[in-house]
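Pasting the structures here.
Shared chain: subunit A. Partners: subunit B in the first complex, subunit C in the second.
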Partner chain A sequence: MEISKDVLAALIDGKLDWERTKAIISGEKDLDRFDKYIEILQERVPWKEKIVLPLGEHLYIVQKDREYVVKCDCGYEFGDYRVNWKLNALIHVRDTKEKLLEVYPYPESPGLPDPEYCNIREFYCPNCGALLEVEAVPKFYPIIFDFLPDLGTFYSDWLNRPLPFPTEFKDLTYDVTKEWRKELEE
Partner chain B sequence: MEARTEVKRRGICEGGLTLKELREKSDRLLQETGYYWGLKELPLKEKEPITYELIFTRLFSALIAAREKAKAVAASPLVREVAEHLTAIYTPEGDAVLQSTGIQVHTYIGQRTIEWMIYNNYEEEVGINPGDIFGCNDNAIAGMHPADVFDLLPVFYDGELVAWVTNVIMEPEIGAIGPGGCMPVANTERFTDGFRVCCEKIGTDYKLRKDFEWRVRFQLRNPDMFLLSRRAALAAIKTVHDEIINAIDEFGLDKFRQFIREVIEESRREQISRVKTRTVPGRARNVFVGEYYLKDLPILPYHRMDMIRIVPMDVIIQEDGKIVIDCDGAGAWGWHSMNVYPMGMEGGLSISLVHMFAYDGKANRGTMIPTELRLPRDTLVNPTTIALPTANCWSTVLSFYGLFMHCISRSLYSRGFREEIIGHGGGMHLWEIGGKDQYGREPYGFFMSDAACCEQGSAMGIRDSPDVAQEVYTTEPDMGSIEVWELTYPLLYLARNCAEESASPGRFRSGRAAYGIYMVHKTDKLLVSAIPLSPRRKILPNACMYGGYPGLNAYVNLYYDTNIKELIEQKKPIPTKLYEILKLVKFRKMEVLKPTGMGSELMKEGDLIEANYQAGSGGFGDPLDRDPWRVKKDLDDLVISPEIAKKVYGVECYWDENAREWRIDEEKTRQLRQQYKQERLRRGIPTKEWWRKERKRILNKDIPSLLVEMYQSSSAPHRGERWFKEFKEFWALPEDFTF
Partner chain C sequence: MRKVTCVASDAGGTMTDMFFVDEEGNFVIGKASTTPRDEFIGFWESMKDAAEQWGIDLEKESQKVLPSVEVISYAGTTMMNVLLTRLGDKIGLIVTKGQEDHLMHGRGRQSYAGYSYDDRLHTASHIHEPPLVPRRLVKGVTERVNMFGEIVIPLYEDEARQVVEELLEENVNSIAVSFLYSYLNPENERRMREIAQEVMKGRDREVPILLSSEISPIMREGSRINAVTLQAYGAEPVRKQLLSMEKRLRERGYKYPLQILLSTGGIARITYPRLIEAFFSGPIGGMMGARAISQTVGIPNLVCTDLGGTSFDVGLIIGGEYFYLREVEMGRMLFNIPTVWMDSIGGGTGEYIRIDPVTKRLIVGPESAGAEPGPVCYNMGNTIPTVMDCMLIMGWLNPNYYLGGKLPLHTKLAYDAIKEKLADPLGLDPYEVAEGAVNILSNRTREEVRTRLFARGLSPADFHLLIYGGAGPLLMAEISRGLPFKGIFTVWWAAAFSAFGVAGMDHIHRYNRSTSIYVPHGAGPEEKMRAGEILNEIWEDLEKIANKDLDEEGIPKDQRKFQQVAYLRYFLQLDDVETPSPVNRIKSPEEWDGLINSFEEIYSNVFGEGAKQPEAGYQILEAGLIATAPRVKPALRKRPVSGESPPQKAYKGRRRVFYHGEWHDAKIWEMELLEPGNVVEGMAIIEQPATTLVVPPDRKVRVDEWGFLWMYER
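What follows is the complex of A and B.
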């Protein structure tokens, strides 16, 4: 099913009428979706780095020199995409009932979490203040690395156009926490 | 013995093969060639596409028609009202071929039931003959929980077994321990889990056996409903059986055989193709949490303990398009009814794939071939004993796979297929009731299912999720008619509506969940027991994406000795919204039913039950990015309050009395949103700083005891060696750190 760039832009913005949306959901998928999608997003960001993969509502993996880094649409860079970007964000934990009621103003509700057990962690962009992710986990659960894409395989094997610079599919998050520990010891 | 080996019986399958030989042949061909049944080509589909599609349509229509027929025969409102059933076709050796709509979570499980018969030599020792009906609801063999009852019918053509047809119906009462007898929580061993049919021959010559009927009559509280369900199932499977015979008459046995193999290989290829064209390879992560409060339950003293368990999930999309789910770090199983066996996890995966990829009516065994579940032994998702009850195994399956869908959704988002994004908190807090019904009958027991099929979904990638319109285990949610439920339960509805607090915020919000306010009616003996489809009270499910907020947990409140009858008689306002009971009604006692608890007292005429069926499904995207017109619409539709509009969405609005609608002040909204972002920058701290503080608390063991035990359970080397290693690496803890 052919979908024009305008229609796709309206679709991802949630502004396409239901009749056409339903037809897209039910129909054969457009095989050039990814390229059109990237084109639309690239036109919307104020910076020049090439988007390699969208990672969230404000986040993109972009090519920066010979590396691939996570970048917010405001321009803030979080570093290598293989490190959980949340480590370089601002965090706010709703760890009291008062803080929970700011979002869930239902003081009588037995459905509220117990802040002694549950962390509602909000991650903000340190530059623009966009709320990039919220996670609800038991206290002390490691920050979740929501999605680590296998960029090399995706471009080489699935899209048949290798990335200009090779990248290994590897979680590098713990290299950072190891450094943080060293700083504590110093 | 000697005579038996000498006159070895010819097998009942094609070419005189035994069922076991056919099963082994199928497995060998897949293993050796990588193609189902070794089909590198699909000659029927490619050279005779019309015939191929005609056979498909013929069988698929028969399945849909058969399922509808069952609705007309059954007495159970679970079949008639909410269609908690499914009909499916399998190859002789048990591979799922086609399924009707409905509770498709069971399709793959039917396959395991047939495999059980094969590997236990039913062909020779029990006998599989035309007209035989087999029944099974024993999850130690295959299944989710005992309430899901399978009826299986072999299809013979010219003396050869050519297919199986199965039907599965969820029963509202299964002879389990009270009060409800369906999904009891006061149930810690399989021996109180209800009536079991252990893959048995329950009928011959297309009729139920008399001895089976008597066993049902002696073991269930409501045997008539159960037996009518069996007849409904028989009507369905015989309908499909006959249509298979007709199709073979018309197209020939060779083409039928070819079709059932090719359609499986087609689905295998389609699954890989859809993954490769819609997703991005890589690893997505999430974690399931279950809370089990058993200390106060009337159960065996040595099973009375509270516990929390996690099941971490790594969802890996491999280079070859295979989806792997690795649950390293899953917590230990326990003596409660919320464990799930691997076959139940397979069922959850199969329906999730239908929701996300294989919704063309051809989901079958082929869809599941390019998947792998890694379930460590001795865990909640792979227990080491069959002695456990599984009445509430859904507690784990629904939430786990709701979160799994979030994982897949992240790669759909990255690839640009935002319209396919779905997710779920996974299950609300249901309840069942027992005692005496409104007709004076006892013992009475019934699963309270009006909201079972209709949950709130998490926000989708391009829109809000519709209200009360999504369910993990079925593709066809329905709440049924209040009037029918009022005939079934000794309860009257004061209200059934969508709950305001359930619309989890985000750029796109979750659907709203249903709530109900019920008055106990014409009984003085009713006990309520929780059905923990959302086994959470303290922790929310991580079912939100990209800045949307998680949804709240479900709850059931019980109000004893109220003055509601007086209010009705005096025509005074009665509660129709959540929390209105607190404002309008006098009562002696109110209690919050624990997700794994029971009412502390009997309820009687005029007592009230308030149930908020939230599933914890979450929002999508930063709420400050929500189009103000959507906020206005939500205000006009009474979906959210002005307080939420301002505090959460940063929208300045006012009520226009003349136009009778809400208006948005766009300039003030812009300023407010900017102000909120500045506040975030002020209150947010660098993650490194937070990490240091939390790490210190871990090292000082400043952790609630339930969480300590939870982490201990997951860090045992045989359950979570890799997970615990990563836990220690994340917090940069000493190598020898333990909980």
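What follows is the complex of A and C.
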């Protein structure tokens, strides 16, 4: 199914009706769909670094010099994409009934979590304040690393071209938290 | 002039088919495009087309022709359109408190209902349709009946009054009520209606109140709420449209009430109260026609296949009877409406063909071009090739004889589209690609037929294969290839087969009610009688409802026939068997045993003698009633058999036809001019204005004394 850039832009903005959205979701993808998609996103951000892969509504993995970093559309950088970007975000934890009731409309809402068991964590961009991600987890649960993409394989096997420069597919989050722990112990 | 006595129609998404029967039982078919905005236009055009075959100009002579017509029946998409386009009434819904979000949440299965198999696995595409009743018009009332049918919380009457006030304030046109377990005990629902009526009296405004315990007293909350909601939401708007249709027919000379097809496999007048049964009549007409053939000609076991522009349907007739589904999916929702069983998959000749850019495979469907824009060869703006375009360039279809030549087909457009969009990118010959696409469709249909049989432990060797639908005969050889059926046949009116089925239908209504009966193995007479009494009570109730319906339709009492049924299973089994009761009431333990014997006989026919398991005991979760009254029908008649060689007038010339990778010089025959006994050897094409039968080089076709076309290996 050939989708023009205009239609794709409307899809990204959620402006297509469900019938057309469904047709795109279910249809086979054009070979250049990914590139078209990236082009649209690239035109919309104010910075120059090349988007390698979109990560969410506001976040992108971009190529910066000889590094791949996570960047917010406002320009704020979260560092190496292999480190959970959430470690560098502002975190708001809803761990009391009062805080939870700010987002659940009624005290009797059946979905209202018990704060002793479940907390809601919101992650914000420290620069523009955009809400980037929300997780609902048991209290004390480690921060979830939502998505660590294997960029090299994605480029070579799916886009049939090499990544601009190679990168090791490895979770580096633990290296950072280990440093933090060391600092705390000192 | 011929005396037309019976007119039946079947309006599909693409075409409205018409079937005319005269007083001797002779028949002709007509076809016209469906006109969704005002269905009467397509209906009338189709009637004119059928009449034309008998040399009648209906526009001029309707006042002479229509008064002799005893029945006009309608089956079609009007009802479904009300549901699909959400054009129903503004209604209120009252449920047990706590259940208010039922319509919003919907059943999980509804989020992918009607999807292709690929999309069913593709959860990103699942979505719930907006509910028929907005959330603010759904009200909860405190009450509770438990699973044993006991009232554990009485109806809170002040709340009941309050919600009716609120709904009337919103100007709803009717109110549906569906309480938990009301099919076991309708008391709270009935009290709810009394209170609503009191409130309405006080406000001097009356709207109908519909109870789930009366519309659909069957377990499964979601489907029950859906059923009563649909009746409130859609029945009246649909009735209005049907009444306008009836009025316009009467202005043209028709004297009797218009009749409609019910999903339960019967015909009813449009005044029939439980109009929800008319919403889904889809492929049912065809099954009725197949049963008529099965019973008239004496072919007990049939696999029925209907191939059209958008879908391929398969149904089974075993021992001259079809099966029922008691929960049906339509308009992406599930309803408790008993429906003649037929499985439908995407797979019609209107399906688009594309190339998967990654794997370079041909992909056929699942979307279809429908009537608008139609295949490329219609020249109505579509540029994506469809299976029909392939069949056209392969010479299977006659470009100047589609709908008798009323719709010219553009072979060059089809060829160019196939070459440019499919053949060139793949570096293949356009004809090879075209045949490849046709093969994908025929493999899919053949697999579907195979699965339907083998999944039930049945063998094609015990069945005849009946092929119909406008596109069915095109793939007749391919659908059956490699499956050892007893015989394969089609009929010259294959394209209007569903309408034929509608014409041949009795007046039938079905009524069902849930219950809970368990009788252990070796039970004593008392236990049997207790079970019998529960059944008797249900049958009595259902007969009352049936008599009321039939009164409203004006069916004389002496023409009514009732068959009591029970849905029996061995204890804790998941499926049950519809068992007709040998007696109308169970008055002795021996009569209960009679019912059990009937059940075990049907059970061993379906599942095999060794599958019986009486030591588990017997369970009944539903009982029912089938009410029938006779009607005028088309007659299938034998004609004398003449010689093997077809008459010269049936020969239409030769055409180059592509089949199995080669070009053949095929003889072309006119289907309706072939006579009983005639044999046509492949490679040949047998044409009729609305359908085309392809006879491959390794096959031949013989016309039998009924006029059926049988395909054999040469």
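For the reader, a short list of remarks on this structure follows.
To be clear about the criterion, the second predicted complex is superposed on the first by the 179 of 186 C-alpha atoms of A that agree within 3 Å, B and C clash if a C-alpha of one lies under 4 Å from a C-alpha of the other, contacts with A are read in each partner's own complex, and residues count from 1 in each chain.
One rule holds in what follows: a contact is a pair of C-beta atoms (placed from the backbone, for glycine too) under 8 Å apart; a residue touches a chain by one contact, two chains touch by 3 or more.
Everything quoted here is computed from the prediction, not taken from an experiment.
Of the two partner chains placed by the overlay, only subunit C lies in contact with A:28; subunit B stays clear of it.
Of the two partners, subunit B and subunit C, it is B that touches more residues of subunit A. In the superposed model, A:126 makes contact with subunit B only, not with subunit C. When the two structures are aligned on the shared chain, A:181 is found in touch with subunit B, with no touch to subunit C. In the superposition on chain A, A:36 makes contact with subunit B only, not with subunit C. Looking at the shared chain after the overlay, A:169 reaches subunit B, while subunit C stays out of its contact range. Of the residues of subunit A, those at positions 25, 29, 31 touch subunit B in one of the two structures and subunit C in the other. Residue ranges on subunit C touching subunit A, taken from their complex, read 116, 118-119, 122, 124-125, 127, 354, 356-358, 363, 366-367. Per the touch definition, subunit B reaches subunit A in the complex via residues 276-278, 280-287, 289, 308, 310, 317, 319, 407, 410-411, 413-420, 461-463, 501, 505, 507-508, 537-550, 552-555, 557, 579, 582, 592, 612, 614, 618, 621-625, 627, 641, 643-644, 647-648, 676-678, 680-681, 683-688, 690-692, 694, 697-698, 703-704, 706-707, 710-711, 726-727, 729-732.
The part of subunit A that touches subunit C in the complex is made up of residues 1, 18, 22-23, 25-26, 28-31. Note for the complex: subunit A touches subunit B at residues 8, 11-14, 16, 21, 24-25, 29, 31, 33-34, 36-38, 53-58, 86-93, 102-106, 108-114, 116-118, 120, 122-124, 126, 128-151, 153-154, 157-158, 169, 171, 173-174, 177-178, 180-181, 184.
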